[in-house]
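Input: one structure, supplied below.
Chain naming follows the written order as A, B, C, D, E and F, and within any one chain the residues start at number 1.
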Amino acid sequence: MRVKVSRKAHFNAAHRLYRPDWSAAQNQEVFGLCNNPNYHGHNYELIVSVTGEIDPVTGYVMDMKVLKDLIKSEVEEAFDHKNLNVEVHEFKTLNPTAENIAVVIFDKLKPHLDATMDLEVVLYETPRNYVTYSG
Amino acid sequence: MRVKVSRKAHFNAAHRLYRPDWSAAQNQEVFGLCNNPNYHGHNYELIVSVTGEIDPVTGYVMDMKVLKDLIKSEVEEAFDHKNLNVEVHEFKTLNPTAENIAVVIFDKLKPHLDATMDLEVVLYETPRNYVTYSG
Amino acid sequence: MRVKVSRKAHFNAAHRLYRPDWSAAQNQEVFGLCNNPNYHGHNYELIVSVTGEIDPVTGYVMDMKVLKDLIKSEVEEAFDHKNLNVEVHEFKTLNPTAENIAVVIFDKLKPHLDATMDLEVVLYETPRNYVTYSG
Amino acid sequence: MRVKVSRKAHFNAAHRLYRPDWSAAQNQEVFGLCNNPNYHGHNYELIVSVTGEIDPVTGYVMDMKVLKDLIKSEVEEAFDHKNLNVEVHEFKTLNPTAENIAVVIFDKLKPHLDATMDLEVVLYETPRNYVTYSG
Amino acid sequence: MRVKVSRKAHFNAAHRLYRPDWSAAQNQEVFGLCNNPNYHGHNYELIVSVTGEIDPVTGYVMDMKVLKDLIKSEVEEAFDHKNLNVEVHEFKTLNPTAENIAVVIFDKLKPHLDATMDLEVVLYETPRNYVTYSG
Amino acid sequence: MRVKVSRKAHFNAAHRLYRPDWSAAQNQEVFGLCNNPNYHGHNYELIVSVTGEIDPVTGYVMDMKVLKDLIKSEVEEAFDHKNLNVEVHEFKTLNPTAENIAVVIFDKLKPHLDATMDLEVVLYETPRNYVTYSG
């Protein structure tokens, strides 16, 4: 009886999409508005899902309070109200696209979970654009 | 051409998380606020999805009115405006966590569906916490 | 330049609608399913709005962190994961309908606000039913 | 590192469910209100998801602007503010159920995507009814 | 203690915006896509709000079940799965814009309410466009 | 028959709350996380409402396409994917709080509307915080 448990969270951040090894013109052509050198930002909505067996003792796959606190310490405290390019070390050499942010979040959370559990990260960059990564 | 058809429903209920074979202190430590002996409650939002072949005669996988009525008779009438611990027999010996409620709903609906169809149950306990079970 | 600033919050609670001075039959006739003596419950969604002048120094009508903390201390800590009838003193002699809960929340918050500010409370009992009270 | 990127879109359309080779009574029995010969309509909400490798150069699976424009030219311009039965050639001989519309959208989009990418179409006919098709 | 109680409902319908006394070209210029002679349609979301005194006996402004049933008999049964232009008599000589539909709904509901109560109708034609009418 | 017509829009932007005439410590104390000198950002959701008489000729208060285009030219093109502090001249000497942004949007839109019409601006800075301004 494997069940997936999901928890929503969110953080606000500024970012800019660009490659420092490209010319301004090339960055503009590929990344358009998202390349604004003065940054823009988003309310990122995050859904973290963990799949595992129901513990017959508690009826939980995982205590949602533990998952909530894990998201808070690993993601919210690291990303919320931050400039991703400037202040979050993973994005100093990695373009902070929604895809890459989802992978970084996955990699930060995975080591804290029981190895028998599956992890999925869904990240909304806007209410109309989102990405899903599960390793 | 297998397609998944999904129908949303909801029910309001009271519950309490605890194990009668544990001390009050142990229940409090594991279940925290959810262990309140006077109960608390939720607006449970439910998404039931059935996956099967499109019937070439009707263009339906399944008549959504049939699915809606099945959810009503099997889930809403059994759970809505009820105290899950006290009034729903499945939870007299089973802790009504979101995970266990989803499994019980799955087990109640599955026998009513064609054996070639797959079933998935998503249950939101709050807008921020939900679980998914597909057998 | 009066602006209304709004903050969403939520709490989960159990309740029951009934009058102790009525017979069971009369309570059943008037309150129907909501009269279940074993209680049922809701995820109450709350929107608290404060209207006032923008402070020209800060650009704020009111620091939203202050409003968030006020809602937490006055409403969430008093109502969340509680049985309203049994554990919240205001409802020991007052039927916990959405209307009455909204008035109680208004009366709890109002004394903490500057007298020049207007207050509005919107309370969703379910995603389809809600009430609005502004004194 | 395969990631799923999702884009929401919408279109409004009229339709009617029926089979021309059936009697009015038979159509009424099977399709009920949806068989109204004068048509009814929906705000269809569409989620198109493409799964592929993250391009290490851009950090994108696919430029969301390209996906947005593809949905616009293939789906929105073909279906929006249209009568599906009368004006959209795919439904001249195919019942425009949500299931069939999702398959038609899938078949229109798939040839425009890189063959290594997976496609999923989610179509909400109403906020409570939706279908998912992934080939 | 006047409180506003609100109830959400919905209906699906086809419509077309045009004036029979105008040329096709004039209708096209003013109503654009909405003038499609083959009709298009919407999932109309409706919020009906009634403002009145809390009845000290029940704690209700109005029994929401009564309001729900009133919306069902006056609005849903008259409009749901209908072609507004062809099948709803109010729109035989009145253009079924969102504004006019809201006024018609208001006029249908108002006589059923206590004269001391205020009525407000909010009608979403799409998730991005809506209108509000309160007499 | 005055009706309020409402249109939703959105824009993404970076901003920072601070006063250049205050010390870093004072800015930190008053604006907290929002004072990050490297900026953070939001998906601002905007609802613009115009109240006026229904034009008996068209059934419109105002053509929603005109309102949509006005919001696009006055707000979205000026603010979307921008750094409000650095790139939007109104905020060069005005703190871009949600309150102030709403007032600026109001002042940009008002001159384009018929003088008999009322205007209301609702601006969501996050899904949980929003402001309303109507002049």
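Basically, a residue touches a chain if its C-beta (ideal position, glycine included) is under 8 Å from a C-beta of that chain, and two chains touch if they have at least 3 such contacts.
All figures in this text were calculated on a predicted structure; none of them were measured in a lab.
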On C-alpha atoms only, rotate subunit B onto subunit E and read off the angle in steps of 5 degrees. 180
Comparing A-B against A-F, which pair counts more contacting C-beta pairs? A-F
List the centre-to-centre spacing of subunit A and subunit D in whole Å, with centres computed as mean CA coordinates. 29
Can you give the whole-Å distance between the Cα centres of subunit D and subunit F? 34
Touching at least 2 other chains, the residues of subunit D are 127
Contacting chain pairs - touch in the sense defined above: A-B, A-D, A-F, B-C, B-D, C-E, C-F, D-E, E-F
Touching residues on subunit C, where the partner in the complex is subunit B: 10, 12-15, 33-34, 36, 38-43, 45, 80-83, 86-87, 126-127
Along subunit F, where are the residues that touch subunit E in the complex? 1, 3-9, 49, 54, 57-61, 63-65
Hey, which residues of subunit B end up touching subunit A in the complex? 17, 19, 30-32, 94-100, 102-103, 127-133
